[in-house]
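As structure tokens, the structure follows; a few thoughts come after it.
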Amino acid sequence: MVEHGRKMINLNADVAIIGGGPAGLAAAISAHENGAKNVIVLDRNSWLGGILPQCIHDGFGVEETGTSMTGPEYAEMYIKAARKKGINFMNETMVLQFDKNRKIIAVNKKGLHEIKAKSIVLAMGCREKTRWNIMIPGDRPSGIYTAGVAQAFINLYNIMVGKNVVILGSGDVGLIMARRLKFEGANVLGVVEILPYASGLPRNVVQCLDDYDIPLYLNHTVTYVKGKERLESVTIAQVDEKMNIIPGTEREIKCDTLLLSLGLIPENELSKNVKIELDDLTGGPIINQSFETSLSGVFACGNCLQVYDTVDTLSMDAKVAGENAAKKSVKQNKFINVKAGKGIRYVVPQRINEPGKIHFTLRVEKPCESPTLHVISDGIELLKKKLPWANPANTVEFDIDISAEVVKYKDLEVILDD
Amino acid sequence: MTDEKKITCIVCPIGCKILVKIDGKHFELVDGNKCKRGIDYAISEALDPRRMLTSSVLVKNGEWPLVSVKSSKPVPKNKIVSVLNEIKKASVNAPVKSGQVVLNNVADTKIDIVATKSIKK
Amino acid sequence: MKNFHVAIIGGGVIGSAIAWELSKYKVNTVVFEMGSDVASGMTKANSGVIHSGINSATDSLKARFCVEGNKMLQSLSKQLGFPLKMVGKYVIAKNEEETKELERLIKIGEDNEVPGLEIKDGSEVKRKEPNVPCYKALWVPTAGIMQPYEFTIALAENAAINNVNFLLETKVKNIQKKGDNFLIKTNKGEFQSQIIVNAAGLNCGEIVSMLEEPDFNVYPCRGEYLVLDKNYSNLINSMIYPVPPKELGVLGVHITPTIEGNILLGPSAEFIDDAEEKRTTKEMMKTLFNEAKEIIPTLPEKAVINAYSGIRCKLASPKEGGWADYRIEESKQTPGLINLLGIESPGLTGAPAIAKEITRMISKSIELKTKTDFKTRKIIKKRFAEMTAKEQSDLIKKDERYGRIVCRCEHITEAEIIQALSNPIGAQTLSSVKYRCRAGMGRCQGGFCTQHIVRIMEEQFKIDVNKMKLKSPDSNLFDGRTR
């Protein structure tokens, strides 16, 4: 380490990974396995594994390893593997910015660091939507927590958040927290979901709500929060198909805690700073088949790319990103776009610049029984696939061999017929 | 007496709704499963429902105040409350190693409670 | 029992400004604040506008203190270290009819000696404010913006380091006049003082009625606001006001940039029965947005990221039109009781001038000798996030806690959190931290940093988890331990 005029600590890396959660760990291991000798992982927490240590429930790793693990176990498996390979970890280190030449400025208690990286992998994860993402009117009392924050307090810090709890949003975190709070003696008064179906997996509805007789209010939302100091009550109301509140259906529920499980937003402030192109639909960077962003030599994976259903598929994708980061990047001047057509919320990757077998991930717009997936390029159907079912809560994955011919000039469109 | 029961399968993300008939210890599959794994699940769910249990145990003198734990095997549903009560009373001294048994034969279930995380002093 | 020369009731911007002014003299002063921090009532929730003085009738106290305060604020900002920006404002007229209103305002302004007023053509406004179409506009160069809580915190903490006692979470329950002294009963014990300064804001009537029959009523009037994301900060450069509505004695829904780079839409004006009803409503959110869209037609709906409300303290009922002047006077019936009644807008601007006036009034009964050891401390030094790399490196070398970023959205360091929690008035809620160093004010609204701040509160300040609060005495955050 050399100090120069601006008093920076200088480092070099073959691959620098921003974020030491599951995506960063998987990418680091894979980059190392694929020839990158000097891999540095930068993480702002004092621990590794990101959100996993607070996800103490099981169900992780089933698709990937065939056994069901808890979050901390899954994290420990990757941390051990990474340490064995001699990957450098810099904890309690915050990346302040990086530039087009992949020079990273990071800070920790030792001082400012300037890290010159041959490749960068973005693995910053995501943040939770708050009350203000959906503008719930009313008072501003204490007792309103996002589900993940409550999970951290209960599972990591030994702090209980409240006694009588209403949960808004039936995503998996909301469902898991309903059971967790019940286990800790709280009175869980209900889970409120604006959609006509639960957003989380059916198995979580069964083992987190049904098992403990926790009511699920579908087609409902919270319309008002009351409480001058601590939360005193929430008002819930039914909504119609257009999600407008049906007058007269309002009902006040006395409670001291409201947990919000409203969905996740990919964290991309660093990407925005360096003008990496983002996809409005995923909230993450636009990538090609190699997980490379619009900025050459910068790759993206994990929940900052797209919000994954399971850590298994997240890790598998992150390994591909890490592998590519260890190799030389493909010239990006020519590419075709992959468009999300009818019935599709988004598709990843959004761009292709090299032929070959390409793995796609997509999310549908609404639940449907036995729909058909079509991938079309210039009027030619490249793929037609019947799906048993489709649900926005579960990503759909498929592979296509993309020929050099297609990559030359024809955009792809993905559509879903129900 | 015969009971008809609708069981949502929790084996995979699809969540099939499986209809079964139960008559005491006798089990009959009616309809709804999309695969074979569903039958096994429905049988156990109808006759002896069990769940994996995860929670946390107090750590003394550790870098974190809690260690996450799980049951070594699925716990019979009717034993969940008593197992949770034992977990709440328990404590363990740091350091804790992942895989370490924290509670033996918890609530007479012949099931152990095992740490799922390592906690340093 | 503790004896004081002066007891100030209320730690809003008015009470804090008076406390700071008095702290320059050898006088024993106490401030009773029922909230968990200063600036937690009316002061916290307003537009943060430094008014010029074009809106209040000439010869009114409102006009006088506004114009005087406006002149004092810039040097105070430098002295105490709270930021302000003199961004100026446009009052826009949509047609010839409304232009007459601009002429009326210019007349008042000139009578009040407000400099630089000018009526500009729509085309000229468009060059400066491309998103604001209008017929004509009144340009007011001496209007500006600041953060009301930063100003108040700066005043209060400077008063505190000069030995003013701030008693937080202290509610005055009863006052009796005993000879030349007042006996003040609070939830934190009994106190005596020679003079009472009633700066209780919306509760000013309640305080008066402890001693005498009030000859006035307080009419609470709620104002709701919407906050726009920082990404839209370039929608406007100056403040944009409509011509004031005829009724209610308010200025109308206006568009105000903030020091932090957000934009405020509001406030509404709605008379309410209960001064505690500080809430936001779905209906008003819509109305505010639509009214703001009249001013900026291209305003995008997704720009809205937050909402809040505040309550005005009005002495005139809706029937009377809502406009009344301040009443700043010593009670004739109860000598020693100095009342500040109906201090609404432009009270934030007027606060430093009002404080001088109150000090003059106090000096009639108590001899005020200047302190020789009066100290000044800049409240907001440069934030770590705003420093050069060299400054950051040097600072980390001196104190490694500057190298630990706790609030990732605003890049606030552990050292800054600890400073915020070590403030001289002893405010230690989550909001106290937020208002002092911005931790938790960003995109995630505290999602990432709350747990780390809580850990710092617990480990370094030994605050019991059951006593951790969001913002006020009963706004507890937690319910004990899980184990």
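Each chain gets a letter, A, B and C, in the order it is written, and its residues are counted from 1.
Assume a contact is a pair of C-beta atoms (placed from the backbone, for glycine too) under 8 Å apart; a residue touches a chain by one contact, two chains touch by 3 or more.
Not measured: the values here are computed from a predicted model.
Engineer: Which chain's C-alpha centroid is most distant from that of chain C?
Structural biologist: Chain centre farthest from chain C's centre: B.
Engineer: Could you say which chain's mean Cα position falls nearest to the mean Cα position of the entire protein shown?
Structural biologist: Chain A is the most central one.
Engineer: Determine the centre-to-centre distance between chain A and chain C, using the mean Cα coordinates as centres, and give it in whole Å.
Structural biologist: Their C-alpha centroids are separated by 39 Å.
Engineer: Centre to centre, by mean C-alpha position, how many angstrom separate chain B and chain C?
Structural biologist: Distance between chain centres: 54 Å.
Engineer: What whole-Å value do you get for the distance between chain A and chain B if each is reduced to the mean of its CA atoms?
Structural biologist: The computed centroid separation for chain A versus chain B comes out at 27 Å.
Engineer: Chain B: which residues touch two or more other chains?
Structural biologist: 56, 58, 65-66
Engineer: Would you give the residues of chain A that are in contact with at least 2 other chains, written as numbers and ranges?
Structural biologist: 156-158
Engineer: Pull out every residue in chain C that's touching 2 or more other chains.
Structural biologist: Counting only residues that touch two or more other chains, chain C contributes 482-483.
Engineer: Help me check something: in the complex, which residues belonging to chain A touch chain B?
Structural biologist: 53, 56-58, 68-73, 76, 155-158, 183, 201-203, 205-207, 210-211, 309, 388-389, 394
Engineer: Flag every residue of chain A that touches chain C in the complex, lowest number first.
Structural biologist: Spelled out, the residues of chain A in touch with chain C are 6-8, 44, 92, 94, 96, 105, 107-112, 127-128, 130-133, 135, 137-143, 146, 148-149, 152-154, 156-163, 184, 223, 226, 228-230, 256, 269.
Engineer: Can you name the residues of chain B that touch chain C in the complex?
Structural biologist: Residues 56-58, 65-66, 88, 91 of chain B touch chain C in their complex.
Engineer: Quick one: which bits of chain C touch chain A in the complex? Just the residue numbers, please.
Structural biologist: Where chain C meets chain A, its residues are 276, 278-282, 285, 304-308, 389-390, 392-394, 396-397, 400-401, 403-405, 408-409, 411, 443-448, 450-451, 454-455, 465, 469-483.
Engineer: Which positions of chain C touch chain B when the two form their complex?
Structural biologist: 482-483
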